[in-house]
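Chain IDs A, B and C follow the sequence of writing; residue 1 opens each chain.
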Amino acid sequence: MTRLPEFRAAKWDEPVVMEMGRPGGRGQHFPAPEPEVTEAVGAALIPAAMARQDRPELPEITEFEAQRHYLHLSQMTLGMMGVSLFGTCTMKYNSKTAEFATLRPELAEVHPYQHPDTLQGVLEIMHDFDGILRSLSGMDQFIFQAGGGADAAYTMACVARAYWQDRGMLGQRTEMVTSMQAHPCNPATAAAAGFKVVNLPLEENGYPSLEALKAAVSEKTALIMINNPDDMGIYNPEIKEWVKAAKEVGALCFYDHANFNGVMGKLSARELGFDACMFMLHKTFGAPKAGGGPAVGAFGCTDDLAAYLPTPVVVKSGGRYLLDEDRPKSAGKVREFWGNVPQVVKAYAWARAMGAEGIQLGSDISVVANNYMDKRLGEIPGLARSNPQVGQHRMEMTRWSLGPLAEETGVGTVDFANRMADYGIDPWWMSHEPWIVAEPFTPEAGELWSKEDIDLWIDVVAKICEEARSDPDMVKSAPHNQPIAQVKGDAFEDPAKWAMTWRAWKRKRAGSDAARGAA
Amino acid sequence: MKIGLVVNPVAGLGGAVGLKGTDGPDTVAEALRRGAVARSGARARRAMARLADRVPGTAVVTAPGALGADWLAGLDLSVEVRETGGASGTARDTREAVAAMADCDLVVFAGGDGTARDVAGRLPERAALLGIPCGVKMHSGVFAVSPDAAGALLADIVAAPDRVAWDPEAEVMDIDEPVLRAGRLAPRLYGHARTPLARGRIQASKGGPRKDWGAELRGAADEVARGMEPGTLYVIGPGTSAGAVARALGLTPTVLGTDAIRDGALVAQDARASDLERLAGDGPVRIVLGVTGQQGFLLGRGNQQIAPALIRRAGREGLIVLATEDKLAALAQPRLWVDTGDPDLDRELCGFLRVRTGRGREMVMRVATS
Amino acid sequence: MASQMRAHPWMANSAPGVLEAMLAEIGAKSVAEVFEQVPQDHFRKAPLDLPPALTSEVELRRDLVTKLKKNQDCEANLSFLGAGVWQHHVPAIVDEIVGRTEFATNVWGSYQSDHGRNQAWFEFSSQLGALLNLDVVQLPVYSWGCAIGHAMRMSARMTGRAKVLVPALSDPERLSVIRTYCQPREMEGAIEVVTVAADPTSGRLDIGDLKAKLGDDVAAVYFENPAYLGTIETGAAEIARLARADGAETIVGVDPASLGVLTAPGDYGADIVTGPVQPLGVHMHCGGGAGGFIASRDEERYVRAYNGFLVSVVETQEPGQLGFGLACAHQNSYGMRENGNDWTGNSTYLWAIAGAVYMSLLGPEGFRELGTLIVSRARYAAKLLGEVPGVRVVWPDTTFKEFVVNFDGTGKTVAEVNDALRAKGIFGGKDISGEDNGLGQSALYCVTEIHTAADIRRLADTLREVL
């Protein structure tokens, strides 16, 4: 085992910003209106009924204090600057070259309603990137309006709605069929779009059977939404037959390509028969996810569905790039404007920097590294691989279980996540709902992390397994080297205690102090 | 959380020597004569040893001798032995031991379905039940998967309660003797008990309410109620899931028995097979069913009142099944089992069936026969 | 394949021999072996057709910058575009903080390891709550339109009703999103979107029409303050009172940049408040700066109806220490799949951090100065433009930062006017003449703190010149 680093997270005991500052303190001035302005329009311009009387209770701090405070907060954020093998999210290097390019005024200070003549550069990049995604998927048109993977799934549900409405069959095609292990966003967005959700459970092979799918689809099925491989790392080898069966009843087929990293450059959604697919640019394509967006779910589809896409669509005509808003069959917008454009530019940069060869090598490395990890994790007593009957090599990630260790020691996956942070290792991803293996965790190495990083990560897991046996209470009370101790989670579900703002916190604390005082 | 332990020292004796159960002193004697060795005490000890390893010094209330205390000797537990009426070698021992545990919040027993039924019958109000699996037949939903798992679950209940989920209404079932004598295994539903489950779902926050699965069930039931066709007889099977459909109509179901509804009115309560047959007449029939916890039985466990002839009349298309996603995800296998007593019918029912899991939500489950 | 390539700067395991070493460790003879689950006939047949790789930073940067420089931006030009994305000043500290790699990271984060990020999130909600005078603020969703859509769905869940009222003079961009969220009527759970007329003299909501359309089937009344076309809604308290009388929720959309001078919506009866995050320190980013917040009073029935991430401050195991985590996490789609409230996923949480820094820099006085400056200069602009021959400001004295300029009297279309302005380095207001508003050839102009009095005079002078 390699020697584990002695990690100590920064701990600044940083107050909440609402408690900082002093009356009258300033962090930013604005000039007074010019004399000619005041002279022309006067003061008291807000109608009396709407003029604010109270002073908002905001902090009054200097510019430096704001900088120092938020720098301290960033220093108390690990943010994958250790080793993060956070499965289902595919950790990547986020290029600063691309980041800095997007911060230039030529993009940061650009308005989406500018005349297209003034937007040719950004439209060219979006058009070129559309071409790259078309080649990777075989689809005919991509759009970038969706603000994340879930929003792209929602886009699919909305496009399906428009498709069936155009055929006068919206009241008949009422059902969306998916797997119990599909990402929650698939059933959730279909339900939010008004479809009935038909789930398929996993069977012994680790994926829903083709027979189950055939039993589920009918003339009521509007669409199926499916990912492949799944988060267990299992690839459904019957996927072509799935698509065929769904199409035989006329249903649309959507490929949630969230787990694209292991198959990029190797599979084409179109060749497998799908009508539409989605790529997560903030994941597979190297744009930063930023703790939860701005993100992009790039949605692509065949020409048959393109008429129903939300507008605008970037098109090239006579050597010029345009925004096509005139699409009468469009499903309507899922979000204002044309997407998180800087993230599209960063994804374009990633694809260009990798190139076709790099992308294919990236998927090779991802799958080989995961199998290397599987081998080493399998040697640690107390861990179990999910779906043990599936003996083949898994894809780019594998669902594991701490079940045996947890039964033996009482230390579970949440405890491990807490303790990992003490070693400067980002906590692992456990599992989406529902948990179908006990105490799950789901590592994914991707192409970023070195073999040495992976070895360190596994060594930390092995070390915590030892600790679980020798000192379970220490593991269960982790973290110990982080800025704060474990939080008291009971407040999160208690209306008398939760506090989503400082206002609420002060009110509830005053209430409980008063109650204590009275008692 | 005060834990009580009762061991049925003769549970499971019959299994190894070809007897179908161990109910009653004569069977016990016969089993012993055939050379059976009692296993339940040792299995109880395995479970309690895991608890002692994980949480030393845990307080446990138990009964004297082979009913409990013997199996805890030497374990690092704080054991309090309650005197009971003495060992008669019959089910009375179990019942008396549990009666002495009125202050316990959780009664753990080592036994099978018969023991579960005996314990449930004397269970203190609001107390929960957990079975260490030792019986020949275990159809109730109150058993851990192994003695080790039972011990780990107990340790979690004491030391890490946020890791434990609770099934508020696990089925307590026992073999229906007359049917068994006719050569068929057909446990009857005797009641429900609160039972702990190993955590299957994420709990980002500790404590507090989880998703209200009851609301999902009510949504599904409401949808069924709204879709009811005039003139059709809706047979409502036992259990709260099926009963939710009656409740959606403002009716009160017989939770342990079978009811029937036609045109929005209750036309039979706690009905027998013959009642249902008579009510069905030549008219259309649909059957509303739940699924037994962990085991996944649809027909033939606790709902034998719904006889093959009636099921055949309804057909697979006529089965309306309600279960929450939670319950389906927790099944030991992704299957719904049928055992109607008519092998041909069982085979006809095999295939896929849509289970209603909420309003506008379904799960397609494979139906199989054992 | 790997042997042909130099090790890639972004892939450690592309260095010579590493892949082979891992294969040897797992006992696989080739890379193909680890893909054994994928049937041979699933592998793509069409070769990848991608532009040449730019693996060197020097080439990549050149490509990006060369292309982006083909844009014309609002710094080199003088822009009066708004309508959902507005050009505001972004303090340098905000750019520094949101650019910190710990925040602009690839990772989603956890409460164990990313305490600072969680605190910044809580500080966003806390400061915005202070501007709104509301106790619950959710982390932002994709956009303002999406926030309104979720708020309407919240109100439908809470009231069990299926109709919402919106102003006839709504932003078509946001309205399109709202209609998407409310679904076509054939769908289960569709919400009917009914428009309420505007008072033609003021642009404000027509109270008579509102009364006529309110009823016990209405889940919510939605209005904006200031409205899409810039007007300040002085009847806000009356609208909220009328809605409440019929058991409907009042949903308001507000511009946070106005809240130093406009009454907090929590003080005039708003139940659920939405708004854009972009004015709080986020660049326009060609529309990629969009984000939308949702806020409400701290009543359980509201809190239980939220769709996304609510960050709560809590005590930790160490006495006196505070930490942060997600409250009511089980009610979203991560916790409950299709049984959660709507859905959630990656959103625009980096902009919550931008907003936190921005609001802490401004403080109460900064917001007051900002609001005063914007409304003063916008009115000045309206006044000067109104003096240009043929040009009419539609509602001159009722607006905050945006206002409608009508060109009917010039004989020119807005498109023609804007083409002429663009030739002079000015981006005129958004052309709203194609929108169904009865306002003829009109444009929506936006003036903020970045426009000086001299900029405004330049606009007016240039207009005189080109008309």
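Definition applied: a residue touches a chain if its C-beta (ideal position, glycine included) is under 8 Å from a C-beta of that chain, and two chains touch if they have at least 3 such contacts.
All figures in this text were calculated on a predicted structure; none of them were measured in a lab.
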item	value
Pair of chains ranked first by number of touching C-beta pairs	A-C
Most widely separated chain from chain A, with each centre as the mean of CA atoms	B
Intercentroid distance (Cα basis), chain B paired with chain A, Å	40
Whole-Å separation of chain centres (CA-atom averages), chain A against chain C	18
Rounded Å distance between chain B and chain C, as computed from the means of their C-alpha atoms	52
Touching two or more other chains - residue numbers and ranges from chain B	202, 204-205, 209, 325, 360-361
Residues of chain C engaged with two or more neighbouring chains	188-189, 325-327, 329-330, 335-339
Residues of chain A whose C-beta touches two or more other chains	191, 195-197, 433-434, 488-489, 492-493
Residues of chain B touching chain C in the complex	202, 204-205, 209-211, 216, 325, 358, 360-361
Chain A contact footprint on chain B (complex, rising order)	50, 54-55, 148-149, 152, 155-156, 159-160, 162-163, 198-209, 325-326, 328-329, 334, 351-352, 354, 357, 360-366
Chain C - residues contacting chain B, complex	188-189, 325-327, 329-331, 335-339
Chain A - residues contacting chain B, complex	177, 180, 191, 195-204, 209, 211-212, 215-216, 406-410, 412, 414, 430-431, 433-436, 438-439, 472, 476, 488-490, 492-494
